[in-house]
Amino acid sequence: MNIRQQTETICASLKPEDTAIQPVDYVSPPKWHLAHTTWFFEQFVLVEQCADYNVFHPDFGYYFNSYYNTLGDRVVRADRGLMTRPALNEVLAYRAYVNKHLALFLDKGVSEATARIIEIGLQHEQQHQELLLYDIKYIFGHQPSFPRLEYQIQLLPETVQPHFVKIPEGVYNVGHKGEGFCWDNELGQHKVYLHDFEISNRLVTNSDYIEFINSGGYKDFNLWHADGWDFIQQNKLAAPMYWHKVNDKWMYYTLQGFKALDFSAPVSHVSFYEAFAFAQFKGMRLPTEFEWEVASSQFNYGNVWEWTNSAYLPYPKYAKPDGAIGEYNGKFMVNTMVLRGASVATPNNHSRPTYRNFFNPEMRWQFSGIRLAK
Amino acid sequence: MNIRQQTETICASLKPEDTAIQPVDYVSPPKWHLAHTTWFFEQFVLVEQCADYNVFHPDFGYYFNSYYNTLGDRVVRADRGLMTRPALNEVLAYRAYVNKHLALFLDKGVSEATARIIEIGLQHEQQHQELLLYDIKYIFGHQPSFPRLEYQIQLLPETVQPHFVKIPEGVYNVGHKGEGFCWDNELGQHKVYLHDFEISNRLVTNSDYIEFINSGGYKDFNLWHADGWDFIQQNKLAAPMYWHKVNDKWMYYTLQGFKALDFSAPVSHVSFYEAFAFAQFKGMRLPTEFEWEVASSQFNYGNVWEWTNSAYLPYPKYAKPDGAIGEYNGKFMVNTMVLRGASVATPNNHSRPTYRNFFNPEMRWQFSGIRLAK
Amino acid sequence: MNIRQQTETICASLKPEDTAIQPVDYVSPPKWHLAHTTWFFEQFVLVEQCADYNVFHPDFGYYFNSYYNTLGDRVVRADRGLMTRPALNEVLAYRAYVNKHLALFLDKGVSEATARIIEIGLQHEQQHQELLLYDIKYIFGHQPSFPRLEYQIQLLPETVQPHFVKIPEGVYNVGHKGEGFCWDNELGQHKVYLHDFEISNRLVTNSDYIEFINSGGYKDFNLWHADGWDFIQQNKLAAPMYWHKVNDKWMYYTLQGFKALDFSAPVSHVSFYEAFAFAQFKGMRLPTEFEWEVASSQFNYGNVWEWTNSAYLPYPKYAKPDGAIGEYNGKFMVNTMVLRGASVATPNNHSRPTYRNFFNPEMRWQFSGIRLAK
Amino acid sequence: MNIRQQTETICASLKPEDTAIQPVDYVSPPKWHLAHTTWFFEQFVLVEQCADYNVFHPDFGYYFNSYYNTLGDRVVRADRGLMTRPALNEVLAYRAYVNKHLALFLDKGVSEATARIIEIGLQHEQQHQELLLYDIKYIFGHQPSFPRLEYQIQLLPETVQPHFVKIPEGVYNVGHKGEGFCWDNELGQHKVYLHDFEISNRLVTNSDYIEFINSGGYKDFNLWHADGWDFIQQNKLAAPMYWHKVNDKWMYYTLQGFKALDFSAPVSHVSFYEAFAFAQFKGMRLPTEFEWEVASSQFNYGNVWEWTNSAYLPYPKYAKPDGAIGEYNGKFMVNTMVLRGASVATPNNHSRPTYRNFFNPEMRWQFSGIRLAK
């Protein structure tokens, strides 16, 4: 239950008001995360497998289901921010109640199938821990007082001496073998043919990115996808999310507050479009997800998720799991791009070289950066 | 300061989470109301007139200005719901600080001009007390748990024996003479010529309105303005706001919770379009604001604001006041309709027969009902 | 039938392509006007009153009904521009066919009721002749080649020596007595009480308006209604429709082509918001529609329609006519402002001092200008 | 020039009105296609390479450039439908003029580079011939009179005995070798590793698709991508484009007019989302573009383009060509899915097994159908 505790640790310095709002559709109220991850255990473990369990509140299943159409009606995603109730303290009581009953249930010993559900629940909670940090950053970073979060995460400088790693042409194995936990979308180790390529051992830094901005990167349509160009025009974008130019000096909001840009840190909070345009500007390209996976043992990663030039698509033997779990990954396999690696917001041991993260190409609130290939 | 205290009394049973959200543009977070009404006194009295006053927080002027462009930058209205900070308890501390300094300032005696500003501030706060009740009702009435508010207001049954009062043709005086407090938009008593008319001594009840619904009132375009017909089609409206048909029985959300419709209460939460269509259905019309004012001594009012068929326009001698106060009323004199009377949410002594309330014709979250004329 | 012929005269220099498009919802394809005005006679005279009449085409009633819900299904307004068929030459054949049958029908003599319908049909066609000129101007004025129309209309310079006419306080009669043709919305002569006012004998000119622009009129929110300010911000407006600044010189599109601004012509193609802001800038106001009507014998008008500060609302004894004709005026009596007078696009003898034109306050494609009052 | 002539042949039965409108952003006015394909030759051959050439009209370069930002200002795509001028007959004169000068220029003999540009121009014109048929179908299929086109294309019945072709696992070559014409996006023959798969020798027919509809395929969210589900909900889709249920019988608009559905024809005008959901319904999947290419010699194709489950992405050695031509393909390599094959609207010899067509997953106005794999 240390994993469950970590969710509360992240939120410890939030005020009740911070946990209630949904500033845009894709940012959920923090107290919704606290409740939804709890509902997962209540529903899939206690309700479904523990005969004498009494639900904490009969309506919470309806309130805190997320996108599992399989399980019936739910509050639509965009309306999560309308629910000021249950309040934060009730949600924390819900967590305590479910944790207690889960512990009692586990004490009796569980089947392998149940252990598997619990593992999924914990992995699921870890994913929400990461989303919580994105969402808290969005909430704090879009109000004039720029509050700071006491829970500490911080991007490290990219200090390694930069060079390009060469990988020879050939057939490679990619994907997860199925030993140890993995998501359905990684499963099915299979062969891919890769051609010669080179990949950088270092992420693009804020310093590199300022060069792109100063060279007019946001004004040269030749560098951009057509959709990317429309995206930056319509949203009047000329820098990563959270960057502000104050008195001719680049500042940014971080979870430590509003401060001067750290030039040696990896650039973060860029969309796929920006990552692509940056690579074009350098006369290079982004790696594919398979190039990344094959080369990943030859560089360090973990600061920010890394956009690849691979669309998020099913692996050759992909089979959607049955039931609600089956809605977790497969239905997003269109219009999204794969990110590989991990970020400082990713819980320890939650990532691995085969892990496939994915977002729409315009998303920027996650910790996402750039690694070049050629 | 009893008037100021009333704002806190209304909010006493709110949880911090309830006070932070802005579910739609026109509903402000309750803690914003608490702060904005305080900022009004801090800015227009203490900052402008009290030399040794230290502001509570240097950024609050920017945070809590509402639509006074005259006073410089402000958080745009639609973004009030992004500010989780300052939190509710800080806002309450702000109120206490300003109240204390205001009391000290008043003890020294104030000029007539300052007394006038303070009176405006209190009238302004009373208007926000009414808006607070609309906004709390919206916030509570649009979430699945339908919380109740401990502060009590309730629509009274319309029990009077209904008849139509006849008013003879002639020249009448309307508008405020300027003795005692009034808003700039009521000022300039002037003459209007009214033709013979009759006006009901009773408001339209929920029972009357159900007859309209059951007779297909929401499906007969002949009863509606073109814009009204578009409005109900696009928003799929077929009943007043807060009404829900559950198992073939009409229920509604009130500040006392979700309950069965009271048939004898006046219909409330209807738009101007619905009020107009209802009158068409009855073969009658809505009164003009001047008919209402002239006839108002002949019936009781105060349950709900009453839509008139008058557009909100300036009186003959209307002069926009100088400075920020001038932005209070005049700039809304287009695309809005006048409501007369008062509602159960209106603070005592805040209304009078010359009072001109106004809203866009599609608004429904206020306590607004229907009185017929012919 | 000279009136019918005039519609074709206006369109004589249009190419088939010009008659087919609907660049925005409120601009109808010219061939739609040609057909719709014909449908009016076919439906309300020939179909309803001439037993042996065979319709020109069984589907045209569906295609060319406009907003008469009473008559059943119709092509929704926004979809008029999808109908490339019937082509222009078919529409002209439809006109000829209906004209021929109408002439045959009239030769037999008609009842007073039928004569009344025909008169309405001709008045209706005259209104569409004016709309045609607005729509053609919009179509030609929003494409890079700025075509010219051979049919000639031109704004005259405002050359009268300007002064303000004084009108004394008192009870006045307004509205139409019902002798000769008028629309239902003018009917019911009735009394209004007017206070002392003064009204200009001259319209605001382009020269006057440039002073407003150059003085920063579009940048000073104090001059604008809140909705007007939002309107010009969102649409990035800083001049009347059809104005372009080329090499620091004001040019505009007219039906004679793209040319230098005529400084002495009345300003045209302004919204109500701009008219209001201009009046504020001059420290004056717009007249009400009743002030305008009472004073109208004391100045010339007819160059451009004149925005008043009156909302378009029913007169005291207003009764909506029965049937489809009843949808013509009454259902627009909300969210619109009254314009009085006439424009150079108005057919001869189509206007009169009691005529009530009306548009939404943001509309600018009509010939609309400004007369000041105080 | 037979290829150029074909464009005019397709348009021969269009009326001028049909050629002027742009009913939605992605459907261009037919006369725009006629002009734009001509402009391509005028600009890239005559203007750039023929010293004594006089342009037909100085503004046509601005009017008829499409999305080549490199060449400067252009009419934005969504505004093509505003240009009623130049009229159709002027556009046809433009075509004749450019054709004549092109012939004169070619008579003198051209360099290999120029011959390459001309070939691109002809291939480009062929692509527009196909788009013309989509656009004409859209224009005719979205108006109540459902006109027919005299130029004949027709989907053939899928009569082959259906079975699944098996392809063994291994390394395969895909992509174009560069001999003969191909687009930049096909270039770079390269190796891919394919796992065992089977692919149908027959397209999904209308009969098959009706089974999907009747089995509730449009109502079962489990079959759909999350984005696909949103797409069909928001657009209220329950059948392919152009299908209408009339008196319980399926009808559809074809270029031969409105008629009863042909059950044995391949289903067409489905989005990627629908193709995917159909495959899920059958317990199968769509092939990847490489599976399709490798297996393509083993079945017939050419009735409709076939959605693959491959996102449109660059090949390993992809290099964007320099200049305006470089904008042709590369900038669309995000948010689009690959279609393979050809359709009845595709000009003869325009397609080949390596050809990569691509559209956004929601597009349906093209002739697009479904081939199953497993």
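Every chain is named by a letter (A, B, C and D) in the order it is written, and numbering of its residues begins at 1.
The definition used in the following text is that a residue touches a chain if its C-beta (ideal position, glycine included) is under 8 Å from a C-beta of that chain, and two chains touch if they have at least 3 such contacts.
No experiment lies behind these values; they were computed from the predicted model shown.
The chains that touch chain C as well as chain D do not exist here; no chain meets both.
Among the remaining chains, B is positioned farthest from chain D, on the basis of C-alpha centroids.
Note on chain placement: the centre of chain A and the centre of chain B lie 44 Å apart, centres being C-alpha means. Note: centroid distance chain B to chain C, computed from Cα atoms, is 36 Å. Chain centres here are Cα means. That of chain A falls 56 Å from that of chain C. The residues of chain C never reach two or more other chains; the list is empty. The full set of touching chain pairs reads A-B, A-D, B-C, C-D. Within the complex formed with chain D, the residues of chain C that make contact are 15-21, 23, 31, 59, 62-63, 75, 81-88, 139, 142-145, 147.
The touching residues of chain A, counted against chain D in their complex, run 67, 69-70, 171, 190-193, 195, 197, 221-222, 224-229, 272-273, 276, 285, 309-311, 313-314, 316-317, 326-327, 331-335, 337, 361.
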